[in-house]
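We just call them A, B, C and D in the order they show up, numbering each chain from 1.
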Amino acid sequence: MSKLRVVVWNEGQQEKSDAAVKRIYPDGIHDVIVKALNLHDGIDATAATLDEPEHGLPAHRLDQTDVLIWWGHQAHDAIDDAIVDRIYRRVLAGMGLIVLHSAHFSKIFKRLMGTSCDLKWREANDKEIIWVTAPGHTIVQGIDDHFVLEREEMYGEHFDIPEPDETILISWFSGGEVFRSGVTYRRGMGRVFYFRPGHETYPTYHNPTVQKIIANAVHWAKPTATTVARYGHQKSGPAA
Amino acid sequence: MSKLRVVVWNEGQQEKSDAAVKRIYPDGIHDVIVKALNLHDGIDATAATLDEPEHGLPAHRLDQTDVLIWWGHQAHDAIDDAIVDRIYRRVLAGMGLIVLHSAHFSKIFKRLMGTSCDLKWREANDKEIIWVTAPGHTIVQGIDDHFVLEREEMYGEHFDIPEPDETILISWFSGGEVFRSGVTYRRGMGRVFYFRPGHETYPTYHNPTVQKIIANAVHWAKPTATTVARYGHQKSGPAA
Amino acid sequence: MSKLRVVVWNEGQQEKSDAAVKRIYPDGIHDVIVKALNLHDGIDATAATLDEPEHGLPAHRLDQTDVLIWWGHQAHDAIDDAIVDRIYRRVLAGMGLIVLHSAHFSKIFKRLMGTSCDLKWREANDKEIIWVTAPGHTIVQGIDDHFVLEREEMYGEHFDIPEPDETILISWFSGGEVFRSGVTYRRGMGRVFYFRPGHETYPTYHNPTVQKIIANAVHWAKPTATTVARYGHQKSGPAA
Amino acid sequence: MSKLRVVVWNEGQQEKSDAAVKRIYPDGIHDVIVKALNLHDGIDATAATLDEPEHGLPAHRLDQTDVLIWWGHQAHDAIDDAIVDRIYRRVLAGMGLIVLHSAHFSKIFKRLMGTSCDLKWREANDKEIIWVTAPGHTIVQGIDDHFVLEREEMYGEHFDIPEPDETILISWFSGGEVFRSGVTYRRGMGRVFYFRPGHETYPTYHNPTVQKIIANAVHWAKPTATTVARYGHQKSGPAA
């Protein structure tokens, strides 16, 4: 079986401009995620960033991407709408999409959800405890009933998303809030997973449990053998 | 209790340009739906059409609309994006939206769904039998287990929509196809109901069962007392 | 419009045997809920308890019940299976069911869910903060974005229930857990709402917000005009 | 990777008593399905039938079963309740369950659904056209947008099941009915797939598309690595 082709997209701005972020992610958030994924035999992960031509996502590359992982924060508006369209069509055609943390406000996630994707937030070194609410789900395979991030940014409900197909993780924050931190959707023939953790000033993507969930999600989100070929070419019905 | 304020929006083009449509809907599709709704004590329905200033949907009117009903077909692209934005925000703030027939391809429906909303279709005088799949649902209150439209345009699966919150009607067509003809979604604080029937060359909106379902859907889709007031102003979390 | 006929069922054992419970609910948990509901013009609530003949739920009474509210804890096994069957059939025929707190382990809830309905729990005076995750929902109409119960029993995930049709409330506990505290389901033609709060040693059902949610849920869960008449008599299909 | 251990259970009565059934399935419905599944490298399928001790499902065998496939029709009531309990617990612990055709009325399916699972039906050589409504789903991988069974028993809506997690197949019948023929659920840590076709007097399980869907469903329904180990032993929450 050939490897899953994964592209980890990161806007990659604060790693350059902010010393605190640079210290944790000297080669970028994308670099840590790519390396963690490539420890898995079945995955071939590479990175793409905002500053590359076409944000690193030219059509020929996206056409050969099985799963796209997306981290963005301050530069959502800098993404070319034509690239967003390209990703959108590719998701509907079967590419998996994993949306991380502050990418809840990315153009592509808002477009796929059809809602504001707004939420409450606070940067205050909250402790976060993430609970598994669907223990038999592929994405939490090998994960205990909960795991702890000692320091994270708080995200709180109401999270303005459509009712998820599946709610598989819910977070507790020491400040008193809760949040649906792992939710799945199907859009067209593609699968979408939103995963909350990962503020840029905390070492969250170095956490082995976080890495494992992302790797599990890659396998869950992969296209089926037939998705790409068929999409967008609906035939007329049979003569009964 | 004050009446529900319903606006029935119709592009209203083919009623002018096409004699066959004009014969069935001399005063427009909107007129038939408005009159049917106003037979109900609790509903105050009015019409709006494409050719009016701001398509008949200025902010002050939309702000006082509880449920918007939308019929469009050939003029989807003629809708001003600013008006679509206005409707979109209003749905998230709690206004109900009922999307009829070919409005599956309207800008507002595609935006709220996050998918292509594509489907198969054929104009061939198919017979349509519509089956109730959620008999306890408010929208099918008083409807028998199925009803028949002797002639309709065929819409067939795959209908490229998100997995519905509820699938309450499924159509059978004499040509051999099926279609999820009544599906519900929640988007923000608003409720969305897609209802399939209503090709402009058939007298579908004169059908009492179709009229009853639309009236039921108006009641189902109405905002709650608190939706509009609260939306868009999320407070920070409590100090625990 | 005639009033909604609501029966508040309570096993009513600990109010007799346990001084701490008796102090808070001298006339039983059911009595507090009945009185709170009867403050609403549209509701006619009465009580039923375990010790009555047929547990207070003879067929002729259940046949005239629109919404049944259920609180149980220690006596789940004491419920006659024939009465459970009767309730079950009545829910499928359109009666609403509101399941409170420890009734997650009631026979009727487990039967309607098809799962173990197991959960984590701890009696330790946890503080509970309950967050609204579906702000446009009828059941949380008039409720702020969260409310606080200063002392409650902890219920924690994983809550072994089917993926809810809607998740509308999620709880935070001071001990570090989260819980899906308000979830809805449709079973047959009936609607089911599970609502977590209400340990017998805390004055939870005296809380006005808790009372308001239960009253909202009664309206949400009520049968439609046609449910009872139609259920269980499926006709053969039409000759096409 | 070791093979998936699949047990195909069949009541196997009509193959003995009814010449028409015997002609199509001389060695039983189970035999055709087992042989079709064993053409796949990753599957090790065996059969079990009603007449065996413990219906062929002793605890030690079920404990080593990854996916159970169930066909039943006339003998639902003959299944020992203790065996049903055993299967039920095993599904909640992660075993996949594929429920075929008339097994909609099996004890295990009704128990997992919490509804009557009633439907309309007619034996009249209807033509059935089955449409894919979730083209990106694993279970319909490699399946065209529809497939045809020239003769089948009709099943019609309303199918009294909970709102499915996913509706992936809908059938059209020449007599005028529709039916949700492929629906998925999660129960505990196990996955459940109901698949409609397969009346005993038609050669449906010889159909390559039907066989392919069942094989796809086996892969979809398989347990995750951790499901069995963890279930039923919920730990108390963390000290925050």
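Here is the rule we use: a contact is a pair of C-beta atoms (placed from the backbone, for glycine too) under 8 Å apart; a residue touches a chain by one contact, two chains touch by 3 or more.
Only a predicted model underlies this, so the values are computations on that prediction, with no experimental measurement involved.
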| Residue-number overlap at the chain A/chain B interface, same or different (half cut) | same
| field | Chain whose average C-alpha position is farthest from chain C's own | value | A
| said: So the centre of each chain is just the mean of its C-alpha atoms; given that, what is the distance between chain B and chain C in Å? | reply: 33
| Whole-Å separation of chain centres (CA-atom averages), chain B against chain D | 37
| request: Pull out every residue in chain A that's touching 2 or more other chains. | output: 129, 134-135, 145, 156, 158, 163, 165-166, 172-174, 176-177, 186, 188, 234-235, 237-238, 240
| query | In the complex of these two chains, what residues of chain A are touching chain D? | reply | 94, 127, 129, 134-138, 141-143, 145-146, 148, 165-166, 172, 174, 186, 188-191, 223-227, 230-231, 234-235, 237-238, 240
| field | chain C-facing residues of chain A, complex | value | 129, 131-135, 145, 156-159, 163, 165-167, 170-173, 176-178, 180
| remark: Listed in rising order, the residues of chain C that touch chain D in the complex are 92, 111-116, 118-120, 122, 154, 156, 158, 160, 162-163, 165, 173-177, 185-188, 232, 234-240
